[in-house]
Each structure stands twice: as C-alpha cells, then as structure tokens.
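Given below, in the form of structure tokens, are the structures.
Heads up, the next two complexes both have chain A, just with different partners, chain B and then chain C.
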Partner chain A sequence: MRSRLYPVFKYTVIALWACFVAGPFFWAMTTSFKNANAVQGGPTYLPWAQYEPTLTGWRNIFGGAGGVDVIDPFVNSAIVTLAASAISLALGSLAAYALSRYRFRLGFIKNSDIVFFFVSQRIMPPVVLVIPFFYLLQWGGLLDTIPGLVIVTVALLLPIAVWVMVDFFNGIPREIDEMAMLDGCPPFQAFVRAILPNSLPGLTVAAMFCAVFGWNDFFFAFRLTFTEVQTLPQAVVALNSSIPPWWTLSAAALFGVAPLILLALWVERLLSKGNLSGAVR
Partner chain B sequence: MNLSATDLCLTVDGVDHLRKVTATFEPGRLHTVIGRTMAGKTTLLRALAGLQKVDSGSLTRAGADFLRTPVWRRDTAMVYQQFINYPHLNVFDNVAFPLKRAGLSRDEIRRRVRQSLASVGLADFEQRKPSQLSGGQQQRVAMARALARETGILLLDEPLANLDYKLREQLRDEFKALFSDQGDTIVIYTTTEPAEAMMLGDVVLVMHEGRILQTGTPQEVYERPATTTVASIINDPPMNVFTGRLEGGQVTVAGFQATHVSPHLADLPDGAYRFGLRATDVSLAAGGVEGEVTFVEISGSETFVHVAVGESPFVVQIEGIHDVALGDLVKLRLRPDRLFAFDEQGSLVRTPSYDLASVEGR
Partner chain C sequence: MDGLRRHKSMFLLPGLLTLFLIIIFPLLFTIRVSFSGWNVSSPRMDFIGGANYTAMLDDSRFWASITRLILLAGGTVLIQYVIGFGMALLVWREVRGRRLWRVLFLVPMMTTPVVMAAIWQTIFHESLGPVNDLLGMLGLTEIPWLTESGPALFALMTVEVWQWTPFMFLLLLAGLLSLPKEPFMAAAIDGAGTWRTFWKVTFPLMAPVSVAAVIIRLIEASKLSDSVYVLTSGGPGSATETPGYYLYIQGLRDQQTGYSGAMSLTYLVLMIVTLTVVAALLTRAFKLKGDS
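For the complex of A and B:
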C-alpha cells in the first residue's frame, strides 16, 4: 500500500513546497506590473483579466520620475560582491588548505579551534561587529567607499569560504599532495597543480555562498556608507516612503534577486550535469 | 649511490613506529621489506621519501645527508597501496606530470610516457580518466608514472595489496620483469606476503614492531630465520613455533614423546627449547602428539587444520580436502629432521641443515 501512495504523498509535499517558495515571487511579479488602484483594490492575480498591467514600477527603478536609478547601486553591489568573494575564496582556500594539511599548535589551541575561531565570527550578531568596523574604516579613511565595503564584506565571507573549503580539502586524500611533492612540486605548487584543479566542486559551492551573502548584505552597507556609495539593497529600501510604492518596490526586489536566481540555476545545471561530482574518488 | 639508514627512530603518541632501523639499500637491487601490518613498513618508506620526519637517526645518499633534502628533490618515486593518481588528469597527463615538472622536452615526455604506458600494458588508455579505469589499471598508471621518471629510488608500498588475487599474481609476474631492467635504481618493495617477498626480492628485510629483525637473501632468511618471529613472518602459513624439551636428541611436547632422535639436534645440551616446524612438515597420524582441532580451512588443493596442543597452536597443511570436525582429538606427527631449534629467548640455535655459525645478518 505504501508503495502506491508514496509517490502521491511525495509529489504533494513537493508541490506544496514549490508553491510556498514560488508564491512570493509570483506575488511580487504581479505587483510590479500594477498601479496604485490595482494594488489597493484587493488581491488580483491575472493580468488583463483582473487588472490592467502597467510598466510604471519598472520605469521608476530605471530612473523614471518619482523613482530611483538602480543601475549604479547594482554596479556597486556587483563590484563589492565579486571582489569580496574572489578575495575570500583566494585567502579562504589558502587558509583552509593549511588548516587541512598542517598541524598547528599554540598552547591548547589546535587546528579545530582555529577553524572554530573562523566560523565563530559569524556567530556574533552583526550589530556587535558594526561599531568596531565603523571605527576601523573611519581610522583608515574608508568610510563610504567601495574598498571599505569590500574589506568588511571579506571579513564576513572569509569564515564561510574557510569553513566550506576545510571540509572539502579534508575529503581529498593527502596522498595526492604527497605524490605531487614526490613528483617534483614544492608545497605551494602541489596545492596549485594537484589540489586546486580537483577542488572545483568545493570552490563552486563556496563561491555561491559568498556571492549570496555578499549580495544580500544590507546592514553593513547601510551603516558604513552614506552618500557616495549605495548598494542595491540600500537602494530598494530607499524607495520606501510613507505611502509605499509597492509596484516599484516589487520591481526593484525582483531586479535585485535576479542575479542570484541565475546563479542558482547555473550551479544547479553544473550539479545535474555531474561536472562537480566524481572529481575525487 | 647507496641509501643508508642508521638508527632511524620514530615515536608517535607513545607508539614506536621505527626502532633503530639500520639498513643499506643498493642501486640495481630489489629490496623487499616483509612484515605484518603495523610493522612499520609504510613508515619506513615514508621516512625514506621524506614524507615522514623521524625523531632521530641518520639517512645518507651516496654519503650525503638525505634527511635535509626536501621531498621534491629526493629523486624518489613512490607507488601507494591505495591507487593514487591525479583525478583531474587523463592517463597520459598523469604519467607526464612529473616529467613536466622535471622540465623535459615535449618529445622526450611523449616518448617516455608512451614507453612506460606500453610497459604496463596501457598503451590504448591515454585519454581515459583514472576514474574510468579498473583498480588494476589505476595501479598500472601509478606504476607507469613512477617508472617513467627513471628515478634513483623507487618505493612501492604494498602495491598489490588492494587487488584481487588473480590480478595480484599477474601483476607480480609483470613487476618481476619490469624491475629486472631498472638499471641503477634502488627499488624497495614492502609486502605482507612471504611468497611475494621471496619471489621479487634480491634482498629481504624482515620487519616487526618497528625493528628490522633480519636482512638477507630470500634463501638465507627462509632457511635460517634468526628468530622465531622471523620464522613465523617469512612462512605462510606461519611456521609452527612451540615450546618443548630436548633430551638426547628426542623432543617432548606437552608431555608427549613427539619425535625420534633428530640427528641434527643430538649434540645440543638437554633442556627447554622453542622449536619451529613448517605446516607442511606436520601431518595427522595414528600416533604422536595429541591435540584438539580448533579450526579447519579448506582451500581445495590443501586443507589447513588448526590444532591446539596444550598451550601451543599448530597448523597442519595437508594435500587435498580432508574431513576433520572441530573438537576432534587428533594425533600429530612432527618430522624430526625438519625441526628448527631456538633458545628460550627465540634466537636460532640450530637449523635442519645449517649451523648457527654460518647465519649472517643477525
């Protein structure tokens, strides 16, 4: 009996979950094409049939009257996210490789403690971190600049990169590094030539995490930049007013998550093609 | 260009892995290191390769300090027990990897890769990834990579241990041929199997609990095992070692009159000894030492009967399949002319055909 009903049960659960995930997107999508009347006139879902679609919201976010231009914030966000992710991955995989392959000891502090130290940076509430960050950037003259924001974002992403990569490197047999060394590579070359090429799955996953966290950061950008630099989440929030322009907010929100959706689809395709699995047996 | 280890010691977390290991490895010879698992064989190879630091002792190559030479300049190739290849490279690039690091020309690399892949029978597999090969083929790739480098030192750490029995025999035969034209290379090969050690080795080193117990030609080690431990390691099934009394050349075991007078033992003083006797030199008979059957292994061509005589376990190897039940009381006949005699500390006193005076390498 179980075997007959199981698929029904399985697909029902999956369908419900899909609605739960896709629902807000659908809601935002329809709202972004509405005007004030359509939004306030109760819930409607079908364009033309239930409401007249308009491009007002979308025009507003690309510099239309009464809106903002989201292109500059988008570029800022992209620069900060890409730069911080790249730096975090580079530094993070080096640190992770060292933590995976060498044994460090400082009194009672061991490798696992160092890894925990990295990860623990993310345990602290952001509001605790933002004050020292503020003073550090002020001292360095980097408040309200892209480099300043990149440095802070690296501090946030590095723990994730280290954590993911330590775990991944631990899964690659040590004998591969040893063999590379026997085959004539000094340690750093062994890492670059024998380990990194086999770490693509780990690097991809770490890069995705970094990109998502970096892209979605609102709090630090909000506190550490003012007028010169604005990131996309800030721009979206700035659209709000006493009478929320829901259509514009929806369009901006969709525009903001679009890159992440594309990234997720791309990673998903890599995974399903098996490009990431089986690199190391 | 000898590789000489002197008093190598290594203790990790209170466990001794190497205890004063002293050995000389010569170019152009194949040295097999035989020992049970955990005997320190792998640790020794890793120390020679520079992958494992030692606590004390010295290692010299052609008279120069080798311990200070970093791994990547030791001119050493190694084949692991696990099949270790570069997963992201195809077979050709796997073998070419060390040659590229050595800065050889493209043509030379291609020539050597082709040649060594052909010698291990993988000429048609250049474009495959290691994950697309069987275990035996993966190990051949590792062999080809080690051979193509033409290094001064070639280390093989139980390279056949993870292969099935048929393939193991086949590769063992191929290795014999491959190693025979290795020129001036020092080859060191570890194994747990006596047959492998003796078939491949020009020199056999017997290792146990981090020590090298005996070094010699296969014949020397087999015919004159320096201690009871060596005797047990170098024989498969392990040599039966038991305590008995010698009186006037006659051996008594657990109260039983075990043998007639053994001429080669007749001049030894009476007293307690430890005796060694190969499993093939014990048989089930109507009279003799009595014991209880504890275990029976049937391989088809042979039956191995495990018998407990008092405190001493015996293994009896008999041809063909024999129907012996657990718990049966059986009588063992020990061949008196094949007895090895050891003193109570386990050191060799008398062999069936040689005298202690001629035992070397103790």
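For the complex of A and C:
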C-alpha cells in the first residue's frame, strides 16, 4: 500500500518543520552581525550579499561601550542552576527512594498522595508565589542574593526530581537493596552503594530537566534579584526595551541559549540509548 | 520496626519538609492577604472581609483572561501534541539524518522562553521583521502582528507551539522507542497497512505516555505569562492577557497586593480543579478504550 510519494511527503514535512524550528535561530544569528543601518533598512538575511556584517553586537555583550556585560549574569545563572539542581536532586532522590521502597500511612495520606503533593507544586504559578517570597526573603535578608534565589528555585525543581526519580526507582529491582542489606549495610549505605550507582541514567535525566528549568527561570529572578545578582534571562530581557538594539539582543540571546543547545545534543544521545524511556512511564 | 520507621523518615523528610517550608508561607500569606485591603497606599494587613472577592466577581478583565488562558492552553497543547506525535513518528524509524532531525527538533524546549520570545518579537515586527517580509514575497498583505488582537493571539500561539512541541516530541519519541516489537510484527503478519497499524497498535500502546505528556504540558501551560510579558505585554489593550500576566500587573506593577491575593487563590483553585478533572477524564477515556 505504500505509495511512492510517501518518502517525498515525509521529507517535505520534516524539512518544513525543521525550517520552522531553526528559523528563529537563523534570524538571531544573522541579526547579531548587523548594525543599526542594516536593521533599519528592512529585513535582510545573508551577510555580505545583503548587508555588511559587523561584530558590534558581539562586542557589546562582552563589555563593549553602550552594551551589557553577559559574563556576570552567566556566572550567576550557572551558580544558581547548579546549586538548586544539586539540592533538588539530593533531596528529591532520597525522598523518591523512600516513596518507592517503603509504605507511608498517615491517616488517609498514602504514598501516592505524597508523590502527588510533590508533583502538584508545579501547578503553582510563580506569580502567586513571588509576592510572599519577596517578603520572606526580605525578612531573611536574602533578597537580591544568590542563596535566596537558590531557595526559591529549589521549589521549582524539587517536584521534577521527585517525579523522574520515583518512576526510575520503581524500575530497579528490590533484590538489589535486599542483597546489600543482607551484607550488613544499613539502609543509607545500601542506598549510596547499591542504588545510586544503578541510578545514573535516571539521575542524568532528572539533572537534565532540573538544569533546563533552572537555567530558563525568569520570573523569580526578575522580581527577587535586582542589581547585585542578575541572571542571564534577566540580562537579555532588559535589552528588550522600547528601541531594542537588535544586534546586541540577538548576540546576547544566542550566548544565553548556547549551553542549552549543547545539552540538546546530549539529550539526543540519552534518547537513542533508551535511557529516557523510564522517565515517561 | 522502630529503626525502619526512623530510616523511612530520614529518607523522605528532608525533601518533604524543604518543599513544605518553602511553599507553606506563601500560601498562608496569600490566603491572609486576600482578606486585607493591602495596596500601594496602605500596605497593611488589616481585615476587610470578602470585599476583594466580591470586587473580583465583577472584574470582567480577570474572567476574560481566565477564558483566554483555557482556550490558549487547550489549543496550543492540542497542536503541540499532534505535531509532536507526527514528528516523533517520522523520525522514529528509518529516516535519513535521523540524529540530526532529533537534535534539531529537541532544541527549542531547551532554550529560555523569555529570551526566545524577545527574538520572536523582532521576527513579528511589522516593518523590520521577516514574517511580513515573507508574506510580501508571496504577494500577501502585511499583518500588524503585535498590534492587533487576532494576529497577536496567533503570534503568541506560534511562539508557544514552537517552544513546547519539542517537549511533546521528546516524551512521545522516548515512549515510541520503548514500545515492544511483537505487536507490530503481529500487525504486519495480519497485513495491516500503515494507517491501520497506527490506530490499532501504535496509538493504543502510546495512550499512557500521551495522557501523561498532555497533562504535564497543560500544567505548565496553565502558568503562561512570561512569554506574554516579553512578546506583547498583554496587548494590544488586554487582548493577549493571561491571568498570570494580569496578576503581575495588579499585584506587582500596581501593588494591589490584597486584591491580587484574592485573584491568585481563585486562579490557583480554578486551575487545580480544571486540571484534575481533565486528567481524570483523559485517564478514564483511555482506560475504557483499552478494555473494549
């Protein structure tokens, strides 16, 4: 029944979608090499052929005159993302392990309800949390500091870590922990020695999700840090003012998403090796 | 037994307490503040009863934003699901450049939504953006993308579809890759065509992953506000305003803390109820299908 036209159809659809997906990156790339004249002259796409490329945008984001500095925000973003992801992964995998191995019962509350409590925190719109967080951090003297931002980011990432890891631990046979405990390991050591080494695929998936959502968070940083600690999304959006210098904006945007594009390469590897299948059950 | 109990809690409690402590104060604060007249001129925790809630009932801008959000979230998630599933099926098996397509189709979900929304704003720019340029090349009239309500909504949906279809693609492709081979062989032996195999084998097997992916996306989409802020600032007028963005205006820009607290809680409860109902309906619909 397979028509000869099917391959043509298939590759056309793939190519169209690929153009749509890659379009904004191509546009940002080409815009980042323009100057004011090239932008004001109307949309152009090809350097040299249609406009004379300059490095103004790229110079501006590395401290050029009249630009912004993206290095400090980059470092801030990296610290917050790494710290919040590490805390969420540690607390999340411990909790997920308990929820996968032991039975909890507190009145009508069962394991599945506790898992639901964790995961349901993703429903909380940041805009609902941000005003109370503001007063909370102000009270603790943590407003506009990295620790303050890390704490609120954990609230975003911990549910993700628990969600991925519960499913993953459920897929690891209980015999592994039992054997370790028969060898005389107390539960915590059994967890560290026998379970964690077997959980690397699950941990990498959870780490990937935490890193992406941590790095990409804008709203908390936007309202809870100001001058001392600026994150990368904040720095880029600040460029998006009334008359945006598009070349600087594009360069900063590409700089900000570059680490994530590299991460996509790695996710594809995980996917092709089948490591992600456990996370979606 | 006592030792086991201690160990159980030792594993669970650090995470549970951390999350509980981070979340509980904001929740209690929001509940309390929603019964106060806290605003920019009198930032005090007084008690004014349910006045904020009655005011909210008459706030048509708030209710319009809720309706808009439901339509936007439902519409974009459906589109994301269809395209994401389609693309996952296309690059699932033998296709040239498989790994390249897979990486490319994943990239948007990795990139920062607000940053990409800023780029999209330049793309939809009326006179200097490439979208109108392309339309002009095709001989079509230019469209004021971000300054007219219909086109602005379309632009917002385009951005959402671009950003989050990859997430569907990721979950569905991971699901497809973990499917057993036997049902497909059986279908091939029965001589089922591509179309029939999809509806009789692939789709039912993928139902659990599909339901999970759609629910996760609906949860995330119900919070839509950052890209609205960057792309359209809710405009023109309030044509692309979502509850998240309206709350930002009321609570953070105009500092009507008490009033925005009342709306926040209403928004939160409405979303929890809607999402729970949708999740239950989806789960049941697909379970029934599996039984028959």
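The working rule: the second predicted complex is superposed on the first by the 259 of 281 C-alpha atoms of A that agree within 3 Å, B and C clash if a C-alpha of one lies under 4 Å from a C-alpha of the other, contacts with A are read in each partner's own complex, and residues count from 1 in each chain.
Note that contacts are C-beta pairs under 8 Å (C-beta built on N, C-alpha and C of every residue); 3 or more make two chains touch, one makes a residue touch a chain.
All of these numbers come straight from a predicted model, not from anything done at the bench.
> Label the relationship between chain B and chain C on chain A in the superposed model as either fit or clash.
In the superposition, chain B and chain C stay clear of each other.
> Should A:Leu136 be classified as contacting the first partner (chain B), the second (chain C), both, or neither?
A:Leu136 contacts chain C only, not chain B.
> Which of the two partners, first being chain B and second being chain C, lies in contact with A:Gly63: first, second, both, or neither?
Neither partner.
> For A:Asn198, decide between first (touching chain B), second (touching chain C), both and neither.
It touches chain B, and chain C stays clear.
> Just checking: does A:Asp183 make contact with chain B only, chain C only, both, or neither of them? Give me first, second, both or neither.
A:Asp183: touches chain B, not chain C.
> Here's one for you: vertex at chain A, rays to chain B and chain C, all C-alpha centres; what's the angle to the nearest 10 degrees?
Given the fit on chain A C-alpha atoms, the answer is 90 degrees.
> Could you tell me if A:Trp246 is touching chain B, chain C, both of them or neither one (first, second, both, neither)?
After superposing on A, A:Trp246 lies in contact with chain C but is clear of chain B.
> Between chain B and chain C, whom does A:Gly171 touch in the aligned arrangement: first, second, both, or neither?
Neither partner.
> Of chain B and chain C, which one contacts the greater number of residues in chain A?
C
> How far apart, in Å, are the nearest Cα atoms of chain B and chain C after the overlay?
8
> On chain A, what residues does chain B touch that chain C touches as well?
186, 279-281
> Spell out the part of chain B that touches chain A in their complex, as residue ranges.
Residues of chain B touching chain A: 49, 51, 70-72, 74, 76-78, 80, 82, 84, 86-89, 97-98, 101-102, 130-131, 145, 149.
> For a test of understanding, state which residues of chain A touch chain B in their complex under the given definition.
173, 175-176, 178-186, 189, 193-194, 197-198, 278-281
> Quick check: in the complex, which residue numbers of chain A touch chain C?
1-2, 10-11, 13-14, 17-18, 20-25, 27-28, 31, 39-40, 42-43, 45, 87, 91-92, 94-95, 97-99, 102, 104, 114, 117-118, 120-133, 135-136, 151-152, 154-155, 158-159, 162, 186-188, 191, 212, 215-216, 218-219, 223, 232-233, 236-237, 239-240, 244, 246, 249-250, 253, 256-257, 260-261, 263-265, 267-268, 271-272, 274, 276-277, 279-281
> So in the complex, the part of chain C that touches chain A is made up of which residues?
4, 7-12, 14-16, 18-19, 22-23, 25-27, 29-30, 33, 83, 86-87, 90-91, 95-96, 99, 101-116, 118-123, 127-130, 132-133, 162, 166, 170-171, 173-175, 177-178, 193-194, 208-209, 212-213, 219-220, 222-223, 225-226, 230, 243-244, 247-248, 251-252, 257, 260-261, 264-265, 267-268, 271-272, 275
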